[in-house]
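Some structures to go through are shown next.
Below, subunit A partners subunit B and then partners subunit C, in two separate complexes.
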Partner chain A sequence: MSRDEFLRIEDLHTSFKTGRGIVRAVDGVTLSLARGESLGIVGESGSGKTVLARSIMGLLPPRATTRTGKIFFNGEELTAMDSERLRDYWGAQIAMVFQDPMTALNPVMKIGRQVTEHMIHHMNVDRDNAKQIALKLLTEVGIPEPGKRFDDYPHQMSGGMRQRIMIAIALACGPSLLLADEPTTALDVTVQAQILRLLAEQRAERNMSMILVTHDLGVVASNTDRVAVMYGGRIMETAKTASLFANMRHPYTKALFDSIPNLKNPSHTELTVIPGRPPDLVNPPPGCKFAARCDYATDQCRSEEPTLQTDGDTEHSFACWHPVGVRGKAGVSNA
Partner chain B sequence: MKLRISTLTRDLSSREKVAFYVPLVWLCAVVFLSLAAPLLTMRVELKELPVVKPTPVSTSTTTPTGNTQNPGGVTNLGGGGSATTTAPVTSTTVAGTTTTSPSSSSTSNEAVTEKRLVAVDPIIPIPGFKLKPWDRSWETVKEIPSPRIPGEGPSGDHWLGTDELGRDMLSRLIWGGRVALAVGIVSVLVAMVIGGSLGMLSGYLRGRTETFLMTIVGSLLAFPALILVIAIVAFLGQDLQNIVLAIAVVAIPSFARISYANTLAAAQREYVLAARSLGASRFRILRREILPNIFLPLSAYALVVTAVAIVAEGGLAFLGLSVPDPKPSWGSMINDGRKPLTLDGTWHISFIPAIVMFLTVLSLNLIVDRIRQIAEGKESKL
Partner chain C sequence: MLEVKNLVVEFSTGNRGEKVHAVSDISFIVNEGETLGVVGESGCGKSTTGRAIMQLVKSTSGDVVFDGVSLAGLSGSELREVRTQMQMIFQDPISSLNPRRSVRDIVAEPLLIWKRGTTEQVYEKVDRTLELVGIDPIRAAESKPHQFSGGQCQRISIARALMLDPRLLICDEPVSALDVSVQAQVLNLLESLKKQFKLTLIFIAHDLAVVKNISDRVAVMYLGRICELAPSDAIYSQPKHPYTKLLIDSIPIPDPTIETRAIETLGEPPSPIDPPTGCRFHPRCPLATDICRSEQPQLTETSLGHLVACHHPLG
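Showing the complex of A and B:
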């Protein structure tokens, strides 16, 4: 790929040693991201989205975890750094917004303190300056009267407010990459939209790249430039958001899309569900991970694992032997 | 997190409030009286005082208090702590008071000295109220001279009576409170700091640190506590410092276990991961994220241990291993009362310190219950 690569992930594998065996939570992911670009990662529960996001940062439980592959951030290889070095990136260059604002804020620390703490550490500002910056930031993320809220504890705020605080904390040191792991899943729909708009605004303003992890295709459609669909620790399909929604090639993507309610359908239309369960990541079957639940699966699907390939559109790749959609006849070439 | 008393009692019924404030007041009183002990009690010494005998009749009875000359405003405490008694006391000078004749001459107005308890730090005179009514004669005097009455019940001079040697019970209780305070606060704080940090380190760093530290803690926990205390006190010597140290050593492992368990739970919380994702160092995470979150359960446990430590001191005293003899502690006072317990009317010698110890331990437990209730409420809010 010839685009300028701000973040490049090459053949990333992350596995956990557990009592049942080795869980391959991320199983060979290759991705890249341009500066200022927004990438959505979608997939159902257990598909490895969170593990992927944490692997990118290097924030994995230290014991019984193996991570292989290479990650380049801004030309530097993150996977070669020790934790001391990484700590200078964490928070300052790469920041994370967590799924549940109820548990990701320290319940016994004032929110002002939580916002300024890492600023003082990363940016060498004193407490008063940090407070000034933090107040401005809290206004930006939409906290009314931040001066009054500065000394509140998290439990005194609503979920939406707490997520705004989390975002303020993540943005405090001006990171160039934001990893948002389901930042709106724990919030109600109206607040979701506000938070997503806030993220989009901030991203544009700061020319920040973002990886938005979600299981909601609707969120992806309106908030990302590109999408990667994940299943069983692998990327099944990736494309520009618009082209993916216009032309889904992987049966899994299609099934995922069919399982969300559509207003165009008459009411009481039954939602399509994907039959079966997510694959066992300990002893994955050979072949395509989705084969067991796929309507189009053949013997080839069950024995040989497909790799990402393109079909006409070079930015649209999918891992499937029998892609659905229109451009089936064009010459298939490996990406 | 600020722990205001008002937050502790916010949603309590009035009866529960009583069950919280009364113990709190009692504990504050114990702490205050113990700390103020030197101000509340006076130091006394046994001094030879000249006694002028107006009538040189050798076999007559005398009224010692009325005739004593007090040099330099020193208070005479021999006759029940009051120098101003004017009523004739019927006791004879012979009993317990050494009367010596410096010269062998038998002139009528001969100078005779008499050993008496004399206050050495002056009483601050407040009319109608003796600021320091209670003496601590045990500090300087081996035997209390008569006419002090051993095992006397409560009276105006000795509000809680005297013990089996005639020493003022109230002042001994106040001074004994300092021992309770030392084992209950100093030991527990030392154990909490050391045990708490050991547990936090094992629970957060895991791996080899965890194995190493928890093995030590486990083996210390397996050792019989009382034997360990006795061994330490016997080896290092029997004084307050060593008793405090011994009780602290015994309390360390349980603190380590509590803090270890709580750290394990807290370290799994997402806010710890969030702090890590922001580049916080291990030390900063321990100090800023984990410590504040395990502090409440740890301090509730500390109050329980405080109660246990106070009782443990009593146990040591019963074995004769508490602070050495003339110095009072609640435990040794209870023990002292054992000897004359068969005598009539001396039940108070054991009973009063026992009641004081009981009330203190009860108060601690009542307050712990309340704090635990709050800690649990907060857990469920997370």
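Showing the complex of A and C:
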């Protein structure tokens, strides 16, 4: 493993047992992330993006879940550790911010205690020191009058403030990897802009790596260095953010992008539609998972599953038999 | 066609004398055949406005006039009669359908209640409408709502709303629970049905890009008041209210070559229980002056069809 591969995921498969059969939520994902880098994982509901993030953290119910493949973090294999050892990583080196700050916070514990709790556990600081660090942290994440807020309960705060608290908790022990799962989806757009800016500032200041899971291509465009597009549990396309937006090679990426209403277009512009619906991951179709909804699908697509390949630009890979866009680095000459 | 006059909706919080000022004195008209978008963040009163038009919540004062008929003074049965002309679809398509009945029966229900035609005629119309919204009538006859996806359930809600041939359709966040690829399908469907049935739409949503795409005119709401009302292309190209501009600038643009615009941090919307005096946006507004803090700006026309409620309008 090379030194710049801070996080490496090799052929990860995560599946759940359900009443209907086995759901292959993540179906063979390989990814890597450099220190300080920000990776966006984009997909629609059921694409496996959240399960992927939780698999990295090891936060899935063990009884119903099967996970195969390897995950290396900073040279150590996370997938080989028991939960006892993982506890040294959770919160301390790898932290997570969830979509819904109301349910992720403990409703009957004061804010202050939730922020200091794992500092006391991981960093060997006493209560008073932890409080000093926490107050500084709350100021950094933009909580006005943190001294007063310290003894508040989560329900006394707005959604945006609660998400700031979540971020403060995640940052408390100085993690080197932050997993942010739809951190702004539950927030209003003006507050979303503030939270995204806060995450970017903190990431730069701490040289922290971030995986940003989202359904919103707009959020990805301005907040990540690289993007992976997921569909049906697999990565369909991955590239530097600038290259991906300049030259979309997978028909799914292109279709997803085209279906977003664009503010630049006049009103009543007809939207491009992706016909049909996502595949059933209990009985996934053979071949490419997107074939049934794809304009370019041929018999090969319906029978043979494409793997990630590159074509000219070594940092831009896509899993498609009939890629769209332009071969090589075309379109990003000025990027 | 529809006129909302000085509508006020207040809810009691349960604490003595404490009130949520959900909608505070708003007035606007909706013309026959147009789509009026209503956009704003959570708690701005956009959903309450939709519900108050339908008389699903009681307004504290003010009136809604539909086709010359004042709805505030109507009795229960008169109101039911008027409501056949105006229908509403909701954000969560699955929970707004009865989980224990077949989809075909759910869609038929309005016609059966109003005894419009024989059973045969009713189901003929049901099947025709289901086909139109892209749902297989045979599957609808044997399936319950949970057997359909979110996007399909929204189509079913739309079919049900169309059963009584309404003239006005109020859509409250109809696509916010849907994935973007499915969202586009439902938006295109609404556009084509609107043309086909000559519908008038009120489209309530928080997503500005979606609202711009479907609307002819857009009303921007903030803390219970309308701050700007203008043709949709104009409101996005030349926003005049600082809040409208903040909203537009906050939208993440799916293009990494565009630098994110620096937005001044202005905190979060205050509580509608105790709204600020004067202009309700003044605590977050970079242009606020003394007059904004003391005097409430009125919605006035600054150029043709472009209304703004601001003491210091932009551009």
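Side notes on the structure shown:
Everything that follows uses one rule, which is that the second predicted complex is superposed on the first by the 324 of 335 C-alpha atoms of A that agree within 3 Å, B and C clash if a C-alpha of one lies under 4 Å from a C-alpha of the other, contacts with A are read in each partner's own complex, and residues count from 1 in each chain.
Simple rule for what comes next: a contact is a pair of C-beta atoms (placed from the backbone, for glycine too) under 8 Å apart; a residue touches a chain by one contact, two chains touch by 3 or more.
Not measured: the values here are computed from a predicted model.
Superposition of the two structures on subunit A shows subunit C fitting alongside subunit B with no clash. In the superposed pair of complexes, A:I133 makes contact with neither subunit B nor subunit C.
In the superposition on chain A, A:H121 makes contact with subunit B only, not with subunit C. In the superposition on chain A, no contact is made by A:A180 with either subunit B or subunit C.
Once the two complexes are laid over each other on the shared chain, residue contacts for A:L78 go to neither subunit B nor subunit C. Once chain A of one complex is fitted onto chain A of the other, the partner contacts of A:L196 are limited to subunit C, with no touch recorded for subunit B. Once chain A of one complex is fitted onto chain A of the other, the partner contacts of A:V229 are absent, as it touches neither subunit B nor subunit C.
When the shared chain is aligned, subunit C comes close enough to touch A:L271, but subunit B does not. With both complexes superposed, C is the one of subunit B and subunit C in contact with more subunit A residues.
By the touch criterion defined above, A:D216 lies against subunit C but remains apart from subunit B after alignment on the C-alpha atoms of chain A.
Of the two partner chains, subunit C is the only one that A:S259 touches; subunit B does not reach it.
Rounded to the nearest 10, the angle at the Cα centre of subunit A between the centres of subunit B and subunit C is 80 degrees. Put simply, subunit B and subunit C get as close as 6 Å, counting only Cα atoms, in the superposed view.
Shared contact residues of subunit A with subunit B and subunit C: none.
Every residue of subunit B that touches subunit A in the complex is listed here, in rising order: 1, 206-207, 269-271, 273-281, 284, 288-289, 292-293, 378, 381-382. Interface residues of subunit C facing subunit A in the complex, by the touch rule stated above, are 41-42, 149, 151, 179-185, 187-188, 191, 206-210, 212-216, 232-233, 236, 246-258, 260, 263, 265-266, 268-269. Of all residues in subunit A, only 57, 59, 63, 87-92, 95-96, 98, 100, 102-109, 117-118, 121-122, 153, 155, 166, 169-170 touch subunit B in the complex they form. Of all the residues in subunit A, the ones that touch subunit C in their complex are 44-45, 142, 158-161, 188-194, 196-197, 215-223, 241-242, 245-246, 255-257, 259-263, 265-275, 277, 335.
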